[in-house]
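You will see two complexes here that share chain A, one where it goes with chain B and one where it goes with chain C.
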Partner chain A sequence: MNKKGIISLYMSNWIIRAIFLAVMTVLVLFLVNYMSSAEVHAEHLRAEALAARILYSPNGLSYTDSNGRFHPKTVDLEKFTTTDVKFQESPLLKDLIDFGEKQFITAKLQLKNLETNNLICPLKSTACTDKSLYYNKELFDQWLLFSFDKNQFTKVDKQVYVLIWDKDKFVKGRLNIQVVTPVG
Partner chain B sequence: MGKRGLFNYRKAQGIESEMIFILAQLVIVLLTLSLWWFFISSSLNKDIFERRYTTQDMSLLTDIIQSSPNNVYTIYSYDKTHGLSSYYNVEFPATLPKPSNPPDFNKVLIYGPTADRKQVWYPYSNDKNLNLRLQTTPDLTANKIMLYKIGNEVNIKNDFKKPNLLTIKCPTNSPKTLTSKSLTTIPFDNITIADKDLSNEGKRLREIRKKFSSYTYTVNPTSDLTLIISLSDRNIIKANIPKNDNASERLVCDTINLLTDKELVEGFAIIPKKTTSITLELEIKPGTNIKILQETLNKIIK
Partner chain C sequence: MDKKAALGTAETVLHFISYFLLVAVILVTMLSFNNINRQNQLRITDVSSEVEKSAFMLNYLRTPITLNNQQTTISELVALAYENDDYKEQLINETNTIINSLYEGELLFKLQLSDQKVPKTITNYKIAKIQRIILSSSILEASAEVPKIYSPGSTLIQANITLYTKAAEPGTWCFTPWEERCSQDQAQMCACNRVGYRLLWECTPCPPSSNKCNYEEVMCK
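Showing the complex of A and B:
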């Protein structure tokens, strides 16, 4: 083989090596970057924390008897009702979960009496078409529309079997909590 | 025809060409290795992931602490992996970026090593019914903090002294003024309560409950507050407040808090009966000397 041929062969080997080296470099940089800057996703935990606040906090929806004894994981029908006919938002939940200026979570609560198999209307002395109690209704409606985009919002559906305190007795019930929260 | 390959051209090209190519290769390999080394080492020092994780973890813990049905405390410790946590500061609540502004009570903020470097924050919710008193913890070099909820107070501290979980929330009205009191010990005086077998907690609690239900007073309480220590009940004090009103409730509540603060009792129950009196049952801590207990009780109810 003449001189030109040898140099040409050598250069082609070099090009292959250079490409291989470049690919490996990019791969290593990508892997290290991916591992060290991975996002932490806590949206499901945030939804669990909200449910725990509603059901286990003495200031939440659970029932406290006349002796001051608190019954966690129950729902007091008196606390579940609201007078906000327009938004059906609970003032109790607004005080219970306050994120300050920015809102990071919205929720819809539906309470079902399992003995009558009917959803309970949260409005006091008014019939309601939507038998749901809301936390940040306006945002909930907006965010729910975009909840198909998993990169922006996370929707969590949670069902909890509870005892409902209805005037003077407990009845079996189920609380459906639908939480929509931004990703991150 | 000569052999193909990188180092098989000596005959055709000679030493000079070979050296040039080898040197060029070495330079490229060194450059690549340096690039990798620089990038990996800068990535290891980039603790944004750790900061994000820590803020979210602390925020969620703060959320959960507030959801507790009763008193609770937890010691949160975070790893000092690779010594990174010594680079940053944690603030409850966030006071940055302008320290003169009111603190933001809904954020856990991590920054450092200087105040404007690599700030990461995450929100937590606040139960407005509670007295949330999370304060800035200036020095977290121990990498440990204690979060607690006692009554209506939620707070953070780093002295790790176990708070009194038996503290109960007392009514806000004025306590009853004691006009008469009686302290009866039956029938012993200077006895130390023996340790009981605590291995079977459930069984022990059932026994105590049984004793409560079957107990009949040997002394008819007529004073504002009567405390009865009975040998048959061994480590249980019973107190009876004849009048079941708000002021009496406050008296019972204050008495319990004082007793539990002094770590003389390790459990209590208030049994409201459908009479005009309140019965308070206290389980005395094993190892407590009755004489000391009597003296303390006397001081408390005075």
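Showing the complex of A and C:
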């Protein structure tokens, strides 16, 4: 092969190499971008955290006896029924779960007495049509309407076996926690 | 081909191989990082489910019951049933009431009691009959220690409870969309709709046209 032939062979080889390198670079960049921009979904974690705060905090709905002993995963009926009549929201939960201006979680709680098989009305003095206790009721109603859109909102239902402290004794109960939260 | 050309070709081939190797190394590294990320997420879920299990067991054991006209808790009934088979029936009934009213379905349970010497198993089903189903459908497994107050020896009874789904009726809940878990009396059921957090699915019959479950096609309530 003469000198011109060798040069043209080298040139053609380098063109192929350059194209191949470019393709590989694009592929690697695409993969890096794909792997590093994974979406983080914390909706279920938020729902878990909310439920945990309600049931495992002494300032939540759980019962603390006269000796100061805290009983996790119980519901003190006295606390459950201290509900604002107008909005059916618990002032206790508002103080417990305070995210300030950021409103990114709403919840509906229903407590069922498993011995009578009835839902418990969260209002102490008046009868209620909707036997539910809310956290951010206004937003809950709005977001629940759009919860069919899985790209916008996530609805998490959670059933928890609890013991209800009713005046002077525990009774079996089930707490349904329905959380609606924006995706992300 | 002369010597120079042969060398040039070999060099080109080596270049290509090195590119492939480079990409392969990057891919393997990224996939392993991705896997670590997933493992971490799983760990978070595991931790929260462990807490849930323990809390369920705690509430189960301190559930109030009436025993011999006296108010007491399930844990005392467990201690009694371990020593005396006369209390086995009541323990089964009380446990049935708790788990079935909680999940609104017909669940099975296996309660294994042991004081590290004598093991005892109490169930609300006959093992041989539904072995195939229950082996693949444990939904909750929790354990705790119960004070042994009615006999000498070890002071504690290790109590393990395992809950299983039985075949689910239409409209009731099951815990994964597996075919065998949702079948009953030879009628194939499908589970398609997650109704609860993580575990619960709602069972509905298969469409008449299909022989096999297609979870996407089934309309859920």
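As a working rule, the second predicted complex is superposed on the first by the 151 of 184 C-alpha atoms of A that agree within 3 Å, B and C clash if a C-alpha of one lies under 4 Å from a C-alpha of the other, contacts with A are read in each partner's own complex, and residues count from 1 in each chain.
Following the convention adopted for this analysis, a residue touches a chain if its C-beta (ideal position, glycine included) is under 8 Å from a C-beta of that chain, and two chains touch if they have at least 3 such contacts.
As the structure is a computational prediction, the values presented were derived from the model and not from experiment.
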{"item": "Touching partner for A:Q159 - first (chain B), second (chain C), both, neither", "value": "second"}
{"item": "First (chain B), second (chain C), both or neither touched by A:R174", "value": "second"}
{"item": "Partner chain(s) touched by A:L114 [first = chain B, second = chain C, both, neither]", "value": "second"}
{"item": "Partner chain(s) touched by A:Y10 [first = chain B, second = chain C, both, neither]", "value": "both"}
{"item": "Which superposed partner A:D95 touches (first chain B, second chain C, both, neither)", "value": "first"}
{"item": "Which of chain B and chain C A:A47 touches, first, second, both or neither", "value": "second"}
{"item": "Partner chain(s) touched by A:L145 [first = chain B, second = chain C, both, neither]", "value": "neither"}
{"item": "First, second, both or neither for A:F20, with chain B first and chain C second", "value": "second"}
{"item": "Doubly contacted chain A residues - partners chain C and chain B", "value": "1, 6, 9-10, 13, 21, 28, 32, 35, 38, 45, 52, 72"}
{"item": "Chain B-touching residues of chain A, taken from the complex the two chains share", "value": "1, 3, 6, 9-10, 13-14, 18, 21, 25, 28-29, 32-33, 35-40, 42, 45-46, 49-50, 52-53, 56-60, 67, 70, 72, 95-100, 102, 104-105"}
{"item": "Residue ranges of chain B touching chain A (in the complex, touch as defined)", "value": "1-2, 4-6, 9, 12-13, 21, 28-29, 32, 35-36, 39-40, 43-44, 46, 48-49, 52-53, 56, 60, 63-64, 66-70, 104-107, 123-130, 272"}
{"item": "Complex interface listing, chain C residues touching chain A", "value": "2, 4-5, 8, 12, 15-16, 19, 22-23, 26-27, 30, 33-34, 37, 44, 48, 51, 55-56, 58-60, 62-64, 71, 97-98, 101-103, 195-198, 200"}
{"item": "Residues of chain A touching chain C in the complex", "value": "1, 6, 9-10, 13, 16-17, 20-21, 24, 27-28, 31-32, 35, 38, 44-45, 47-48, 52, 55, 72-74, 114, 117, 156-159, 161-163, 169-172, 174"}
